[in-house]
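What follows is a set of notes on a single structure, which appears directly below.
Going in written order, the chains are labelled A, B, C and D, and every chain counts its residues from 1.
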Amino acid sequence: MDYKTILEDVYASVKPLSNVGRVADYIPELAKVNPDKFGICLNTIGNDVYSVGDAYERFSIQSISKVFALAMALSVKGESLWKRVGKEPSGTAFNSLVQLEVEHGIPRNPFINAGAMVVADILLTSFENPAEKYLEFVRTLCGSNDVDYNDQVARSERETAYLNAAIANLLKYHKNIECDVEEVLRLYFLTCSVELNCHELAKAFLAFANHAEPFSHAGIELTRSQIKRMNAIMQTCGFYDEAGEFSYLVGLPGKSGVGGGIAAICPMRYSVAVWSPRLNSKGNSVMGMKALEELTTVTNESIF
Amino acid sequence: MDYKTILEDVYASVKPLSNVGRVADYIPELAKVNPDKFGICLNTIGNDVYSVGDAYERFSIQSISKVFALAMALSVKGESLWKRVGKEPSGTAFNSLVQLEVEHGIPRNPFINAGAMVVADILLTSFENPAEKYLEFVRTLCGSNDVDYNDQVARSERETAYLNAAIANLLKYHKNIECDVEEVLRLYFLTCSVELNCHELAKAFLAFANHAEPFSHAGIELTRSQIKRMNAIMQTCGFYDEAGEFSYLVGLPGKSGVGGGIAAICPMRYSVAVWSPRLNSKGNSVMGMKALEELTTVTNESIF
Amino acid sequence: MDYKTILEDVYASVKPLSNVGRVADYIPELAKVNPDKFGICLNTIGNDVYSVGDAYERFSIQSISKVFALAMALSVKGESLWKRVGKEPSGTAFNSLVQLEVEHGIPRNPFINAGAMVVADILLTSFENPAEKYLEFVRTLCGSNDVDYNDQVARSERETAYLNAAIANLLKYHKNIECDVEEVLRLYFLTCSVELNCHELAKAFLAFANHAEPFSHAGIELTRSQIKRMNAIMQTCGFYDEAGEFSYLVGLPGKSGVGGGIAAICPMRYSVAVWSPRLNSKGNSVMGMKALEELTTVTNESIF
Amino acid sequence: MDYKTILEDVYASVKPLSNVGRVADYIPELAKVNPDKFGICLNTIGNDVYSVGDAYERFSIQSISKVFALAMALSVKGESLWKRVGKEPSGTAFNSLVQLEVEHGIPRNPFINAGAMVVADILLTSFENPAEKYLEFVRTLCGSNDVDYNDQVARSERETAYLNAAIANLLKYHKNIECDVEEVLRLYFLTCSVELNCHELAKAFLAFANHAEPFSHAGIELTRSQIKRMNAIMQTCGFYDEAGEFSYLVGLPGKSGVGGGIAAICPMRYSVAVWSPRLNSKGNSVMGMKALEELTTVTNESIF
């Protein structure tokens, strides 16, 4: 069975869920998106591309951006990065500020907001123009020169980001942020606001699926071992409080965002991006998670 | 390069660590073990077996037993099992009782002590003679009829197990244990006390590595999907507070025990068991973890 | 206005609350009590006694017993007692086991269950027959030789006391209990099961209100300073999560129990005991708290 | 024995502690203060005034300001104030942000920083010019028209106040701050920066000691019951994690500040202010606490 047919079957099987879940509405700009969208794109390491649905429509990648930012920080800092941020799963949402206070300002991992802020702080001290460099990196990864930030989304998020501002200030208090708090928040929200479509997102993640090739994009270089280790972190930390659930049901390393996107990879086989704006209570796309579960069930291709 | 040579190289490379770490001494019986032991055994799905060092000497499997107990409970209860225990990583030790109190008696996953006690409670209500059945299951998995409990270890642990008794009572308070608290603790410690050598342990885990074959051992049956899902849980929850670290450095699903053993699997390739009694501060075998890191680095065979 | 009239007015003013709240039903024996009972007794330091309602009917004093047990432990250990238990308010129920785990087995104060268990452990190691000594002490304090334990209540509590058993085991794990866990729980529940009526309870607390006289009862001796300090602990820690509320509304040091009793003192003026079995959500007697609020409002006699 | 002699004896008895503890150094301006200062002033309700040492030298009152701010908020909001802030002791420092997160943005009491920020928010929405009104109120209370803010201290604190900024943002996230976060922080630090000497501070607290007289100062009015209730809150919440300790050792309602000041009252007898900059690990003045313990021990005048 070819991937095109599989994706069509997957689409058919998740359609009954099309009314389940709610679009993220705490960000006014995100609340405007059409909740009925669904797109999926699979990119093999042989560079065959298959897609179904709204796979050419761009959406806000939000937390998926944390993978790109981590790749940049890891390429600059190497293993010393882990002095400032952990690589353990975070447990539940319950832990957010609690964990940070108990562990004296060391975020559990780079994919929770606190960890991504430390990463943003590292980018600010490592690159002359980190926002530009980040954009160049993402553009190179997905091969689209018109990929851009949505500054309106970034500003809209900052204005109401009291919890994130609390986290950033707590990190600063514990001296795990070097730069100005506002500057860190600004870069953090900017990176989250990038918009990609499923084709571009799948293409961007191919670099993590195919570790046979050197990872060198826009000057950001990672060793094969580093790519595999980034995949390991996606696997254990990529889905908020549902890392275990996603690992259990889907069995692929990946990362989700509250824009409704999920990107995942099957090492040495393919990358896949799916988008559907309605989220479950944990903040992950309902149809997106189910589609990937169906995909790995039908193909029997998971990492386990 | 063949596995035999690889294991020898691995052994050579971890030898400098042979004095690092401390044997678990909170259990008098375990404290007596010779800390300088090291054994490793790799069992391919083609049933080729390679080993180095003290691979024929038995040791206390301790928490590795939680994998076998979970397999039994999952075969009986199926997905309904997850109503009583979660499948998310537990974060740090900090959470132990805290997490249980905050989440009203639902343990985070079946591989923390609280979760394993719920599993033990399920075995008690599901099998006529759960202790015998468990032993039969483990014997069948590893093909050794003389595998047995070490009742002295089990009793010794129960006597000083005040923290575990606190956990069991808290579970009972939250009505997530049906049986008598003492009965649950007794079975829990009994399953932990089983002694295997690396050959037997690798053999036992082969059933989780090779999901091409039906899992049916001593009447315990799991579907291919269930085997893969058990591997997913080992991946995210198998190493206490170091699940992320092990995933990052080794990249294989596995489970460790304070007896110094670690069992891991490379799906559809091999299972591997390693034993070295000196533990790091997180309770995982120092040489064991390093040996597996070397193994996946040299072979370039991890799940990522 | 004399106290008799005041108590009658107080009774009249709290009667509208007679259906508010719920009798503690987690202990079968306590659930049987008639919820409509109400008694109050005030004992001046000049030994004038005034009472209204069911002031001669005995009830289970439950946690009020912690005051008597603390007095015994303090008389034996002096200030060294505070190495094993704190004297700070405990914050909310949320903290129970959490606090104990975070603070490594040192209970916040002697009036939370964990603290009272440490006190019970001290009594066990300090008196040849602690249960008898405790009874003798209470009998002497209230001048009634037929005051006794209710062993049925004590046993009934122990059987379902999974949370308390969890706490005791956690204390033992942290080495803050010397004796056997079961022995400590047995004494703890036995002291809680003593039954007094309002007259007896007010009389017993007079010894804490009147620090002009030497505290020497049944061989238990406290200095004037120690009496005042016990009052300070009642003030800050005597009402579970409502210590602040009671202090704010009533303004007297005191101690409540889930049997519906409250004992309080106005230093150098009077002691007062009130009983009404219906409890609010924090476990304190609804009519009891309101009656004492009325009393200090009308008399304008609080410690503030 | 008259109070003058008593104060001199108290001074003599605490002198040996004059090198114990450390001046608060996290605020550059406060770190400059001479650590060897010691002053004490007692003001009877008959308006006899006694003082010893540096009782005419002004210091930063810091958290003692929370009493004045609470009085203003209580006079405006009455009991409805308690919907936005609790009146229970906060337990230990461990709870700070944890407690706020678990209790959804309702600070435990008005004397922890979070609670004082909610009070500041109330002042901002209740008075046309809250900073001016606060100053007028304090000036009237202590009868000194040249009492003023130290704007340099206020600004210096704001600049490094990352933990407080985290708290304010968390309150805003939970919608328990109406005004702008920066505005709240500005007023909060401004009120803390007021400088008083022991004479002025004792005079200001006399209004809380003497509830025979109407509390009406600069238009801020409190009933007798409200004054007593403010004293109750000082008693249970006035000394950070040492509320129980202060209550136990001293036995007076009071409030401390990291500037080294402590103000306390003996209801219907006197108010007392003490100042010594060296703090213990809990942030309370070492000599200050000891002096008050000596005072109540010698006079035998505590509330218990």
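Couple of notes before you dig in:
Everything that follows uses one rule, which is that contacts are C-beta pairs under 8 Å (C-beta built on N, C-alpha and C of every residue); 3 or more make two chains touch, one makes a residue touch a chain.
Note that this is a predicted model, so its numbers are computed, not measured.
By the residue-number overlap criterion, the interface of chain B with chain C counts as same, with over half of its numbers used by both chains.
Once the centre of each chain is set as its mean CA position, chain A and chain C turn out to be 56 Å apart. Rounded to a whole number, the gap between the C-alpha centres of chain A and chain D is 48 angstrom. Chain A and chain B have Cα centroids lying 32 Å from one another. Of all residues in chain C, those that touch two or more other chains are 102. Taken together, the touching pairs link the chains into one ring where each has two partners.
Put simply, chain A touches chain B in their complex at residues 86-92, 94-95, 99, 102-103, 108-109, 224-225, 228-229, 231-233, 235-237, 241-245, 247-249, 251, 253, 267, 297, 300, 302-304. In the complex of the two chains, the chain A residues touching chain D come out as 96-98, 101-102, 162-163, 165-167, 169-170, 172-173, 181.
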